[in-house]
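Pasting the structures here.
First subunit A sits with subunit B, and in the next complex the same chain sits with subunit C.
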Partner chain A sequence: MRRFHGTARAAGLALAMLVTGLAGAGAQTAAGLSAEELLARLDRNEAGTWSHFVGTITVEDRFGRKVTAFESFSQGTDRSLVAFTSGEEKGQKILRLRDTLYVSYPEADKPVKIQGAALKDSVAGSDFSYEDMAGDPSYSARYTAKIVGDEAVAGEPCVVLELRARGPGLAYPLLKVWVALGDFSGRKMEKYSQNERLLKTQTVLEVLHSAGRTVPSKAVMTDTMRGKSQTLFDITKAELDVRIPASKFSLEELTW
Partner chain B sequence: MKASTRDLWTMALRNVARRPRRSALAMIAVGLAALTMTVMLSLVSGLKADLAANIQRYTTGQVLIEDGQMFKAGADTLAFSIAPLAPLEAALKARPGVAAISARITTGASVFDNGDAVFFSLMGLDFSSDPMRLRDFLLPGGSLPAPGEREALVSTGLAEKLGLKAGDTLTAVTQTLRGSSNGMTLRVTGVVRPGLATYQIPWLFTSLATAQRLVKLTDGATSLLVSSVPGAPPRALAADLQKVLADQGRTALTSRAWFETSTTWGLMDLVGLIYGCVGLVFFALASTVIVNTMLMVVLERSKEIGMLAALGMGQNAIRRLFLAESAVLSGAGAAVGTLAGCGISLVLGVTGLDFTEAMKGVDMGISSMLRPVLEVQTAPVVFVLAVAVALVFTLVPVNRLKKLQIVEALRGEL
Partner chain C sequence: MRARRARAWRALSLAVLLAVGGAAGAQDLAPQLSGWLDSSWVVTDAAGGQSSGLVTGWTQVDGGTKDVKGTVRFDVADVSDQAPTAELSRAWMKFRFPGVRFTTGLGRIGWGPGRVLVPGDLLFDSVGTELNFESDELRTAGAWLGDAWVSLGDEAFAEAAVVQSLVAARVSAAPGGVTLEAASAWDAAANTAKAALSTQFHLGVDWYATVREDLPAEASALSPPAPSTTSAGAGAFGLWTLEAFTLTSRHELWFSDPGPAVQAKTYDDLIASFGNWSVVGRVLTNAFPVVLTPLAELHWGPLQNLGLYLVASFENPAALQLGATAKW
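Then we have the complex of A and B:
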């Protein structure tokens, strides 16, 4: 089983869509599991796995429709590299080394470390922010969980978990996660502010199977703060457990 | 006894000369008020001229074209950008009265310096046509960035904050039109110190083409500054250009004369009015000295007044005599004071008044070096006002003569 957030991070921008821990789905069911146990399942790390995704981000906002192609590489949940290969972001890359994000721009001589308020900036004009890519990947460490209901997402029966921050300082003090009963993967997530205002929603629309595992292939995200805006993540190629050189996840890599 | 006007003035001059110290005091009071008023009005004129020049040079040209919702923009000016630019510029340039169109992109940007984000304002502009004429503010050793190149000028504020000098580089990160981020490494070609406090805080200036690439605003800008041919009235030109905008289907855009864009400018008339009122108070205060002088004169010279009345001089003639004395005192004082005020204003107009320290951090669109402007009408207005107020105040003691009883006056009991 993959972690909900883990995959999103692992894929870098393949991201929010890969929102879910989808792999390995077995015949397990959620019956009899407590909220904390469900969260732990959701949270389980895929340390040591590699992934390579190719896909597109389609942003629809007041300017119209914009499609940006990307390629991402990841190693576990600690390292990921996303490179944009078309559109106005072509040549831009984002490297995540644990909690640190670096962005390289085609016309910048050196990578820029993204921090502070800049973390709230949009990634490639999408509804996804740098903040969504950063931070401690462990939900169990940061949130307490409570089962608040059940609801199907894209036909998949899910348990709805309400996650509340254990302490201050988190970008999203309240989360709601729809965990698939079949594979314990996350299928939908709502992110709320301190005053419980809905900030973002991300929903997995389709999944694909690769190397015997299940991967979200299409997901949609909306940022309520951006007005009429929606971002569709579409994975067109997924390679799991492929060996990726460690040098891929280095600052030097950002300059090629 | 009938006294001619000439006789009255002769007597008035003689009486003024009879008490030189008291007369001098009254004249000095009026003179100081006139001097102060002249300098104050010149300063207001200087402020207005400075503000008008600054608005047009730094912000608007003679006419400013931007999205009508730009005031809502906050930091997100790109959301209200003007694109495409080329056809609109061509249509605007074809209008009579338009000398040049200069497009600008203004937005926020940051540099990540040793782990800290340093925020600054970024402007993309055409260095050759923009009315700001940044070349004038280049510090020694600097040069203007080339169009489209990754080059920039930095204000002294940004240079000091980041320790930059000509030849250094910085990587600016900003949001693009569609909310993405973009970064660009720019070589600093020079440091500028514009004369306005607004532009001495951290600013980065680069060519319009470079800024368009950085914020991904192809063939776009956030504002258009229209420079008019000499003599073209801004309001009429703005109205004409508004029709062009409508013809082009750019109904979201507004065309405004420079003085319609600044709230500070709207306040200047009020400032002038307040200064005028303060000046009147000054004159009134100065006139109390004249009132006092004339009151003393009327009381001290009651026997003389009684004698004049006994000899047949009418009450009106006697009142005119005292008014003439007041006119002599206030006229002489106002003339000297106004002339001195003119002299001071002219000198300060050349040397300037340096408010750099006092205005540090204050952004009112006014230069830190203020130069009073002596307008043609200032001196006559001040002179006439000074004399008029003095004469009005003189009516108080003179009106005592209305109930003049000759016998009582001869006894010194006026």
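Then we have the complex of A and C:
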């Protein structure tokens, strides 16, 4: 139990970044685009691409500071594999196949399927939950959008979109997304509860450009329910649009 | 005859292990050392008149390449008034080709859903309650085995295994988010056929259920076969968060009817976590006759790889177990 709920400390934050739409695309202008069109651009940022990241996550809370290294692979928005390569979580892996998450631990004799209630659990004590990682990354299908303002994030001019759930059952019925006018990448996201209470804030601090795309290289997530806590996500190596074998995103790879 | 067969299997496993290990060694084998240690002290008399110490742990070396991996592990134990022991507990090698993976050596494979009471595990019969809850591995007993795993799609696979005198196969798939697993086995030593059907799904909380039949074969034409054993298991797991607190609860039930006497076990736990602290209430029940084993535990993780714990037993409130676990 301790392992299941407290040890995957670094799991899949790269994946979570991708799922929550904070990756970018080629430079275009937002002039003349409606809220729904902006949302569609945001969705398209990740479609049909492969990514390979190496980096670290740093959890800072009242108990101290903890750094864990990871390596992640993703194919579009449906398939991802994250492996932890240092610290307490070394050897642990998280596989996402569409909406299903599996976690494997080096000492365990079988992988664990993360579903239902367990999706709300913190990923390795970080500010990310498994639900943040497992949710359907396509916003257009699940949310309606309207433009509620504009605001710069880290000096980047952005349009602020308010997204409201099209139906019940979503973890976050209300989202606010800051979409960069330059490249249509997400630069900030706020996640709200049913009664519109702010639950989480994710902010991109730095981006890097590779293979004609823009991706966040440094970002921070805070969970307002966790008090003085934040999780810093830092990519040290990024390879975009390099073909990754489909076998990488499989139960076989997870338990290898 | 059985002993000869077991020796032959062990020798075959070792031969494959060494052959594949040698091949891996010729490539970019990068061995890594890891380990785990649990040291505890049990005070059985409040006045301090009786006490005992216990150290258990393991250290292992892992290495491999992209398609070949191996592990060797030694378990160590040092109990008060007894000589320390060290025992080889893992010595396995696995290698893979696209969509297929083979494992051989001394190891352990987990089948069937569940955590504490796992009737779907036809290979190791994981329903015993002699467990170390302070360890990441509740059960560590391994065996000489060979295993072939074949991918049948994203969330589907087939697997065949030989574990000493037992030959088994299973198929698992997850249509619509519901995991289904069908397994069967033939235990030559016990002259018994086994079959199990398991499912895992989410409905409010996470559920699993297993039904299993153990069917002894006819010993001879003159003697009637022993009665079959029907067993079933079910479990539920829930997790709730409130501010910085996390509350989890697991309930598992195992039932077996071997004919003359019904057996049943239950496992329940409630864990409240806050930061590096957690409070655990745990109850294991053996029925017929009913034996309750309630435990209360306090855990604190002051460092990333160091944990301290205190366990109190309601059966014997004067007995306290103080311990520390370390991982590297």
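By our rule, the second predicted complex is superposed on the first by the 227 of 256 C-alpha atoms of A that agree within 3 Å, B and C clash if a C-alpha of one lies under 4 Å from a C-alpha of the other, contacts with A are read in each partner's own complex, and residues count from 1 in each chain.
Note that in this section a residue touches a chain if its C-beta (ideal position, glycine included) is under 8 Å from a C-beta of that chain, and two chains touch if they have at least 3 such contacts.
What you see is a predicted model, and the numbers here were worked out from it, not measured in a lab.
Overlay on subunit A: subunit B and subunit C clash in the combined arrangement.
When the two complexes are superposed, the chain touching more residues of subunit A, out of subunit B and subunit C, is C. Contacts of A:Val123 after superposition on the shared chain: subunit B is touched, whereas subunit C is not.
Contacts of A:Arg197 after superposition: neither subunit B nor subunit C is touched.
In the superposition on chain A, A:Gly227 makes contact with subunit C only, not with subunit B. In the superposition on chain A, contact of A:Val103 is made with subunit B only, not with subunit C.
In the superposed pair of complexes, A:Lys113 makes contact with subunit B and with subunit C alike. Within the superposed three-chain model, A:Arg166 lies out of touch with both subunit B and subunit C [touch as defined at top].
By the touch criterion defined above, A:Arg65 lies against neither subunit B nor subunit C after alignment on the C-alpha atoms of chain A.
By the touch criterion defined above, A:Leu251 lies against subunit C but remains apart from subunit B after alignment on the C-alpha atoms of chain A. Superposing the two complexes on chain A places one region of subunit C into the space of subunit B, and among 62-70, 134-142 or 170-178 that region is 134-142. Judged by the document's definition of touching, subunit A residues 61, 63, 66, 88, 105, 107-110, 113, 115-118, 121-122, 226 lie at the interface with subunit B and also at the interface with subunit C. Taken together, the subunit B residues at the contact with subunit A in this complex read 110, 112, 115-117, 150, 169, 171, 173, 175-185, 213-214, 216. Every residue of subunit C that touches subunit A in the complex is listed here, in rising order: 34, 36, 69, 94, 96, 98-99, 101, 108-111, 136-137, 139, 149, 151, 154-155, 157, 174, 177, 179, 200-202, 204-206, 237-241, 243-244, 246, 248, 250, 269, 271, 273, 275-276, 278, 280, 299, 301, 304-305, 307, 327. Across the complex, subunit A meets subunit C through its residues 1-3, 5-7, 61-63, 66, 87-88, 90, 97, 99-100, 105-110, 113, 115-118, 120-122, 225-227, 247, 249-252, 256.
On the side of subunit A, the complex with subunit B involves touching residues 59, 61, 63, 66, 88-89, 92, 103-105, 107-110, 112-118, 121-126, 226.
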